[in-house]
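Supplied in structure tokens, the structure appears directly below.
So that you can tell them apart, the chains are marked A, B, C, D, E and F in the order they are listed, and the count of residues begins at 1 in each.
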Amino acid sequence: MLHILNKPPHSDAAVQMLNALSNGDSVVLIEDGVQAALYPEWQGWAANTASIFLLAEDAISRGVHSVATSHGLPLIEMDGFIRLTEQNEKIISWY
Amino acid sequence: MEYGLLVMGAPYSSTAPHSALRFAQAVLNEGHHIKGVFFYQDGVHNASRLMSPPQDELNMRDAWVDLHHQHGVALDVCIAAALRRGVVSEAEAKRHGKVNFNLEPPFELTGLGQLLELQQRCDRLITFA
Amino acid sequence: MAEANERLIVIRHAPYSSNELREGLDVALVSAAFGQAVDLLFLGQGIFALLKEQQVGAPGQKATLPTINMLEMYDIENILVPTETLQAFNIATDQLVEGVTLVSPSDVPDLFQRYNYVLNF
Amino acid sequence: MEYGLLVMGAPYSSTAPHSALRFAQAVLNEGHHIKGVFFYQDGVHNASRLMSPPQDELNMRDAWVDLHHQHGVALDVCIAAALRRGVVSEAEAKRHGKVNFNLEPPFELTGLGQLLELQQRCDRLITFA
Amino acid sequence: MLHILNKPPHSDAAVQMLNALSNGDSVVLIEDGVQAALYPEWQGWAANTASIFLLAEDAISRGVHSVATSHGLPLIEMDGFIRLTEQNEKIISWY
Amino acid sequence: MAEANERLIVIRHAPYSSNELREGLDVALVSAAFGQAVDLLFLGQGIFALLKEQQVGAPGQKATLPTINMLEMYDIENILVPTETLQAFNIATDQLVEGVTLVSPSDVPDLFQRYNYVLNF
């Protein structure tokens, strides 16, 4: 399953998403979701259940791309986002 | 693959339409197909032909229309959500005693059943809200 | 809950403050009217739709409770609420409408896996 | 006292217009006066004469118009916010090459200066968003 | 100064409002702000700086009126709300 | 900050995700164009308007940074940010645009008292 989060990492939507993750799920953080780049200690980054990615374009537009890189957080481009939607039949958006 | 999109944010008030449009373009570039976009909740405002953004900004309605003409993407708008919010076709305007209207083809007013069908007929349904 | 359920509608917003709750419930009702097996999951602010004491809002605003009370008529019988949501909002079970099924937080991920179609509102 | 209201939410998407209307009625009942309501951001949708809510729901535009006729409350709509969102008067529609329009008097399209003036000329300005 | 909060008691808007309160300010909780009735331990109720009231109509519509009463929290009617706007020249909405 | 300031505009939303930021800044610019003394206070999510590395967003979305850079031209010189906002977002001062004035959290209530007109966006 693929989850898409477009709200900040401590929002209701983020908490609900984290509580809904199953082992092997993937997550793409888009729009305000990329604010998670500022929190290397965020519960999502620590969780072993899911692979979580920041959408690079949105990290750039929101000014958090370099901080994401400096924290060694995983970024993906649009084609990587599309790839994840190909690989996961079920896609849930949290907003 | 066949994709479907559900858009629930209004242009200029939410970034959802922009994200959805960007996703649509990328998914088409990868050789996939988009069956349709369903506009629900505040997303119905995407269909308004009365929006007049400043010249240096994208007219979101026109961008959706381009996507329809170039790639045959159906543009369905939830009729109940649209009427409530003042987005009406010529036919609905007449039925509700309005002289003006602001929704035209290729946007189509339709019921929620269309959304359920889109989710069932597509390989992937993705929500932007 | 029956196995291999068809459709899960997730309600995550409170009544009145936005139309997300109401238009989410509309999707559930239409799905049910089309003969689909629909279950509802209430998360976070969505819990406020289930408070039995709620009444009509500001002038002209439509109440939510009549729609909630209509669910059974549409054969929507599984109204699911994680116990953690109740705890987070200091809400007791007896403050909720009849017919709510509590689920354990650890069952929530599985819920999302189990249905063919999921829509988050 | 002279009150002014700033409304920044759309009907049916936000409860802000309902709260603002209720406040307006209560403040008038207490013998105060309302100089004007300024509609900004998504609040501009309050002015759309195309909204057709179900019969058992309030038509928010008509409720504002009643307030204007009964109590002389000015209904000003930010022109930039409105054009972007597809809320246009007949004059603006012509200027932007649109055949239809959806805003009519007593709603008036105006600039943000009007909001600043409202705040300065009223004893109280209250925001509903 | 009068503050009007229409978001839940743990929202960004609520936190920002609590940080902006001066001694002697008043607060009216409307719309989703009345959810504060569920949290007798909410920081707002504990603060000595400001007088905080729940708008009764909204507490009723959201189904939290009786819990507010049972916690002994202060409720006001619309006329009380108007009174507070008469008494305070500056009125700030947090949304 | 001069004393007896005229107008405080409070920006509390991030760029792109809504139009609140941009339309809030528009009010500041119009006030300044009308010759009013305008100060800006950024709280919470509003801080994202001040990150110097931000760039244009999704297709057709207007960038915020050019507007921020225009403020000085409009004689809007006090761009205030509480230190607690920076801390809450793990943002360092050198990640912000030039010309931001940090204020102590204990000064925030006083800011709201000091201006004749305050508008929250």
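FYI, a residue touches a chain if its C-beta (ideal position, glycine included) is under 8 Å from a C-beta of that chain, and two chains touch if they have at least 3 such contacts.
A quick note: this is a predicted structure, and the numbers were derived from the prediction, not measured.
Colleague: How many links in the shortest chain of touching chains run from chain B to chain C?
Modeller: Minimal hop count between chain B and chain C: 1.
Colleague: Find the chain most remote from chain E, comparing centres computed as mean CA coordinates.
Modeller: In terms of C-alpha centroids, the chain at the greatest distance from chain E is B.
Colleague: Using each chain's Cα centroid, which is most distant from the centroid of chain D?
Modeller: If we average the C-alpha coordinates per chain, A ends up farthest from chain D.
Colleague: If you average the CA atoms of chain A and of chain E, how far apart do the two points sit, in angstrom?
Modeller: The answer is 35 Å.
Colleague: Which integer distance in Å separates the CA centroid of chain A from that of chain B?
Modeller: Result: the chain centres lie 26 Å from each other.
Colleague: In angstrom, rounded to a whole number, how far apart do the mean CA points of chain A and chain D lie?
Modeller: Chain centres of chain A and chain D, defined by C-alpha means, are spaced 39 Å apart.
Colleague: At which residue positions does chain A touch at least two other chains?
Modeller: Within chain A, the residues that touch at least two other chains are 6, 31, 57, 92-93, 95.
Colleague: If I count partner chains per residue in chain B, which residues reach a count of at least 2?
Modeller: 12-13, 15, 19, 22, 41, 57, 80, 84, 127
Colleague: Residues of chain F that contact two or more other chains, please.
Modeller: Expected reply: 16-17, 19, 45, 57-58, 61, 120.
Colleague: All pairs of touching chains?
Modeller: Chain pairs that touch: A-B, A-C, A-F, B-C, B-D, B-F, C-D, C-E, D-E, D-F, E-F.
Colleague: Okay, in this complex, where on chain A does chain B touch?
Modeller: Within the complex, chain A contacts chain B at residues 4, 6, 30-31, 57, 78-79, 81-82, 85-86, 89, 91-93, 95.
Colleague: Can you list the residues on chain A that touch chain F in the complex?
Modeller: 6, 8, 31-32, 35, 38-39, 57-58, 60-67
Colleague: For chain B, which residues count as touching chain D in their complex?
Modeller: It comes out as residues 10-13, 41-42, 45, 48-54, 57, 80, 83-88, 92-93, 96, 98, 100-102.
Colleague: Can you list the residues on chain D that touch chain C in the complex?
Modeller: By the definition above, chain D touches chain C via 12-15, 18-19, 21-22, 25, 56-58, 60, 63.
Colleague: Which residues of chain E touch chain F in their complex?
Modeller: Within the complex, chain E touches chain F at residues 1, 12-13, 15-16, 19-22, 90, 92-95.
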